[in-house]
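Should a chain be cited, it is by its letter among A, B, C and D, assigned in written order, with residues numbered from 1 in that chain.
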Amino acid sequence: MVPLSWYIILSAVMFSIGVFGFLARRNLIIVFMSVELMLNSVNISLVAFSHYLQSMRGQILVFFVITVAAAEAAIGLAILIAFYRNNPTIKVDEINLLKG
Amino acid sequence: MKYTLIPLLPLLSFIINILFGRNFIKDKAHWIAVPAVAGSFILAVSAFMDVLAGNVINLNIYNWIVSGDFQVSIGFLIDQLTAIMLIVVTSISTLIFIYSIGYMHGDGGYYRFFAYLSLFVFSMLMLVMANNFLLLYFGWEAVGLCSYFLIGFWFHKKSAADAGKKAFIVNRFGDFGFGLGVILVFLTFGSLDYAQVFGNAGSVVGQTINILGTDYDLITVICLLLFCGAVGKSAQMPLHVWLPDAMEGPTPVSALIHAATMVTAGVFMVARCNPLFNLSHTAMNTVAVVGGVTAIFAATIGLVQNDIKRVIAYSTVSQLGYMFLALGVGAYSAGIFHLYTHAYFKALLFLGSGSVIHALHDEQNMQKMGGLKKYMPVTYAVFIIATLSITGIPGLAGFFSKDEILYRAYLGGDTGKFLWLLGTAAALMTSFYSWRLIFMTFHGKFRGTHEQEHHLHESPKVITVPLMFLAVGAIFAGYAGIPPLLMEHGDRIGEFLSPVLGHPHGEGTHAEEMMVMASSVLVALAGWFIAHKMYVKNPELPRKVAEMFKPFYNLLFNKYYVDELYGKTIVQPVLKISDKVILGFFDAKIIEGIVNGVPNLIGAFSRKFRQVQTGLLSNYGLAMALGALAIIGYMIFMR
Amino acid sequence: MENIILNQLNYPVLTCTVFLPVAGALLLLFLRGDSLIRFTTLLVTLATFVISLPLLTDFDKTTYKMQFVEKHEWIPSWGINYFIGIDGISILFIFLTTLLSILCVLVSWKAIENKAKEFHIALLTLEAGMLGVFVALDFFLFYIFWEAMLIPMFLLIGVWGGPQRVYAAIKFFLYTLVGSVLMLVGIVVLYFTGGNTLDILALSALQYPLKLQFWLFLAFFAAFAVKVPMFPFHTWLPDAHTEAPTAGSVILAGVLLKMGAYGFLRFSIPMFPDATRLFVKPVFILSVIGIIYGALVCLAQKDLKRLIAYSSVSHMGFVTLGIFALNIQGVEGGILQMVNHGIITGALFLMIGIIYERTHTREIAAYGGFATLVPWYAGLFIILTFASIGLPGTNGFIGEFLILFGAFKAQKLYGVLAATGVILGAGYMLWLYQKIFWERPGPDYGPSGRHPVRDLGLREVVTLAPLIALIFWIGFYPEVFLGYMHSSVERLLQDFNLSAYAESQNLMAQLREIF
Amino acid sequence: MTAPQVFFSYFAAMITGLSLLVVTRKNPVHSVLWMLLLFVHIAGLYLFLNAEFLAAIQIIIYAGAILVLFLFVIMLLNLRKEETEKRFQRQWPLGLGIGVVLMMFLVPVLGNISVVPPLGPYSVDAIKSEGHIMTVGKVLYTEFLLPFEIASVILLVAIVGAVVLAKRRLE
């Protein structure tokens, strides 16, 4: 048998890679993809827990995560397009409208 | 009901005229005002008859203010004093209303004039008919209001507007004291009703009031506070400054308000409060001294003025001083008697001068008049009568009342003797400036422009007839109070008023009375003599005298610089402090400094601190990640 | 339950009064067309006024108890009730609010062209908020109304105001917010010390230790003193007044300023009597300073609206003076003076709004000779001037006289000092009148000038007439209004005097106990 | 090492490696393609955990919809010159550091995680007897009905929002 902890460690590693991508990349699209990566890592751990606890809740939660991820991707990319139209760049370090 | 109608008729006239005058009534305003005030006069005569028959009316109409134990009603008291005042006010008002028909003819604000005048009569009647202090205060302020309107009647003139404002504000200083006096009366007696207050007056003798750590006699404080109001309204020193300026108003106003009625309200009030004043020597002496000093002070200024109305105005101030002198020595009835005779001859003087001014097309400077005798015989004649009366020539009204006052002053101990001297000196000056006025105006040659000379004419009947009526009053009004020396029980007015005002104390010998009378007649003649010498016989003399006593002349001509003094010490500092110190510095710098300073400080800090917000998404992400890391680290390692 | 009378009428009259404007505001959301919106708003305010009339007619003047009470559970777990009712102190303000709201709609008829719908919605919400403050008997409800009222007012100033409107609006908002946040703290403390209830009547019946009273008084004082406004918390007022549109100024002067003094009467005095006793002197001093200071500042003003605004500081100084005189005359005079001030200053702001529509300037120096140009206007203005000065026969006199009487009775010196404000009041008001109406008119505004001014129109006369009528009505027969408050004020002072807890101790001992 | 462990190791290695590729590729299109592969492996892992339905969903929604959306956007924006510029921000070492530290925090703690009974009713056999889809469906439509409906609302909002945001202003 594969121990539960393996899955969780895999999830943690993947999550950390996502974090790294989120923080390091300049391209906003890839930043989004890093977020998806993190969501997926969480999904893995959820499914793993669900399997090992013999409960359905984890999997249900994955549904919702996927739903939210889809919504997030749609809205995020729409914002990206709207933004790009006014300000033709998607480089994270060139977008500073929030500057105080 | 009859009594209520006395003030209500003029009020009605006011309301109708002010609401409909502009668009409907226009130059027919007198058709409403004159009947109304004449109606009041008739009702007043009937009220007087009632009082003469021995009925004193005291009726409450309704409760005006009720607050806890503080209760004041609107109600009327018609006793002997009020009855006399009613007659004076309504009779002179009626005559002046009629006079105004001619005088104000063609003025753009004709309806307004009659409206205000009616309102004034209403207020004045409320003042004299009040049966409590607060209603008195109501009338007191309301006549001030009318005075404000009427002085500023020709408001497009800056001087008139200023004068109106000045009159109101100076009066406010007096009313400040008066109002406090009224409050103190209530706190002392628990009522503002005359009957109750005067009835209990004796019970508070000896009580004291603590002001800033010192104890003062309660009655004295009350009386002095009330007297403050009288000083303001009756233009006594040091609040006399508004009355001469008030001559900016139309002449009928000067005659009615600033000579015959309103300015005597102070005298009326002190007489009304005689039960209180009698209890305080200090207050009485203050009244007498203020009166005496004002009498001579104003008379000296009157000596050198050139504006015909201002001369009469200072004469009014001086005569009011006489009245207060009388009140101060306890001769209340003499004071009221003088008030009554003065009303006629002073109204006559004013209306006469109005007639002159009218004829000269609003020329008021006596240096530009002269020789009017032959153009305006009626005016001249009434002027002579009024002057004889005011200077105290035996047989005319002024003689009786003035003589009574001087005699009573003479009997009033050492202070009284001194006041008598002041009064007699003032009488000399009165005589001088009154004759000076006559000589400058009616004698000699006309000194105005040809244009004016061409138009010189006697005034129309509607003006001269009221003058004749007043002249009759100026002659015969005095026979109500013939001194005992001349006729036993001749002082009918004193007897009539005695239930309210009591009898003056002190009896003198016939010889003393004779002496006083003779001296006052003598100074009257002396005044005529000097004036005649200076202005008829030797017209160059006045200038020489003025040159000789240059500084003194200037002092008088500039009215002792009182206006300038007030301007420098009160008005300007207050305005300057308000503008520069309070508004400019305290409000704008200190309070606003703090109010705006604190946010500015926060703002400055924020401006620095907000640099943290780079606007870069990844920086925020980094911060978030670090925060999450810190929390995770804490969860893992610290627990 | 012994000090309330449940609603005497068979319908929830207070709720209707308070929430009718809200319903009106909601209705406005669905309407189009400016004139339709104006008419609807006018109708709603008129209806509110009519609905509030039974309060006046059915009011039982013989009792101090809360009347027309409605009490329903709202958030039971926190002990919060929907609890409303009025007594002799608050009833007059209901009347004043509903009346002035009508006039505000009328005066904005032409003046507000931009975003009329939003304006009227704000106006109606504001009315509801103000009414709510005066009827609320539950702190939670009270605080909600108290704060809710700020928002429409903020918008009125900030959107429809003059050139400096944003600054003024923010200043107004922050000033009042700082005060009311402190009050919120006070309310929370009361909630926990008073046994987990927010019932104002129940909390008023309790006795609090002196130390607590002291700090709570200060917390509430912060909110109320800013609202009044007392010197030195007044500087938001001139800015807010000057920049606000006419309707805003009228509401501000007419009703909003009254809430501070109302708060003193409703909360500070009954709840913290001992602390009140300690604070009488300081409040007296601040009031007298406010009276004289406000009047002096008026003497130096160059801006029409600012002058009236500062005169409010002076007049409200009289109000606080009267209230803290803590005798019947003072308190009744104070309440009446609040109503008077609402009428007089409200009317003055209406007048200024009317003339501003014609001349588009607020600078006093630009005026002059207007009595010839607009005689009816000048005539009404002089009435207001003298009412403001406090001439007998007008309502101003009754209020001022009772206050001075009360103050003099309580503390002679302060009574005398306050009376000097009466002299100064005459000074600045007459100066103003002379400058605007007397002397020769300037060339601009004459019939042949660049901006010929026209006299009052029918709508404007209708707007002003009720206020002018009230001025004389109260002036000659104040009992119509004084009558409502007698029992309540008597009871208030009776309770106040009963709480003799600290009477026995001297000041030093009291202070030692506090610190 | 048992067979499952070998399988798992393969998937784990692939997932880790593909993740790294996703976040490090310069060309976003490449990243997307690597991510596609990554999702397939994740789906495999789900199968391994007896979650067939989820595996299908993973492929259909993630690979089929979301990634296509990403590709769409990349194409739409047509970012040629991005490819020639730096791929990392200036702060990338910090990002790396945080990632590593996070991993170091998590791995030791999560390394000895294990399941504590009682276990739920959905054992592998129970799911097998009913079928995975049926099981998920039953739970979803009974116990989680309200959240499910809310999720649909969220999607609706997202649709409307995306349309509003992305459409050109009509002027």
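Just so we're on the same page, a contact is a pair of C-beta atoms (placed from the backbone, for glycine too) under 8 Å apart; a residue touches a chain by one contact, two chains touch by 3 or more.
Only a predicted model underlies this, so the values are computations on that prediction, with no experimental measurement involved.
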| item | value |
| --- | --- |
| Chain pair with more C-beta contacts, B-D versus A-D | A-D |
| Distance from the mean Cα position of chain D to that of chain A, given in whole angstrom | 7 |
| Averaged-CA centre spacing for the pair chain D and chain B, given as whole angstrom | 98 |
| Whole-Å gap between the CA centroids of chain A and chain B | 92 |
| Intercentroid distance (Cα basis), chain D paired with chain C, Å | 63 |
| Residues of chain D engaged with two or more neighbouring chains | 89, 91, 94-95, 98, 102, 106 |
| Multi-partner residues of chain B (each touching 2 or more other chains) | 618, 622, 625 |
| Shared interface positions of chain A, touching two or more other chains | 19, 22-23, 92-93 |
| Each pair of chains that touches, named by its two labels | A-B, A-D, B-C, B-D |
| Interfacial residue positions of chain B with respect to chain A in the complex | 610-618, 620-622, 625 |
| Chain A residues touching chain D - in the complex, by the definition given at the top | 1-10, 12-27, 29-30, 32-34, 36-37, 40, 43-44, 47-48, 50-57, 59-60, 62-64, 66-75, 77-82, 84-85, 90-93 |
| Chain B-facing residues of chain C, complex | 171, 174-175, 232, 234-236, 293, 296-301, 327-329, 332-333, 369, 371-372, 375, 379, 386, 391-393, 397-398, 401-402, 404-405, 408-409, 412-413, 415-416, 419-420, 422-423, 426-427, 430-431, 434, 437-440, 476-479, 482, 486, 490 |
| Sites on chain D touched by chain A in the complex | 2, 4-5, 8, 12, 15-16, 19-20, 22-24, 28, 31-32, 35, 38-39, 42, 45-46, 49-51, 54, 57-58, 61-62, 65-66, 69-70, 73-74, 76-77, 79, 82, 85-92, 94-96, 98-100, 102-103, 106-107, 110-115, 119-124, 126, 135-136, 139-140, 143-144, 147-148, 151, 154-155, 157-159, 161-163, 165-166, 168 |
| Contact footprint of chain B on chain A as seen in their complex | 19, 22-23, 28, 31, 92-93, 95-100 |
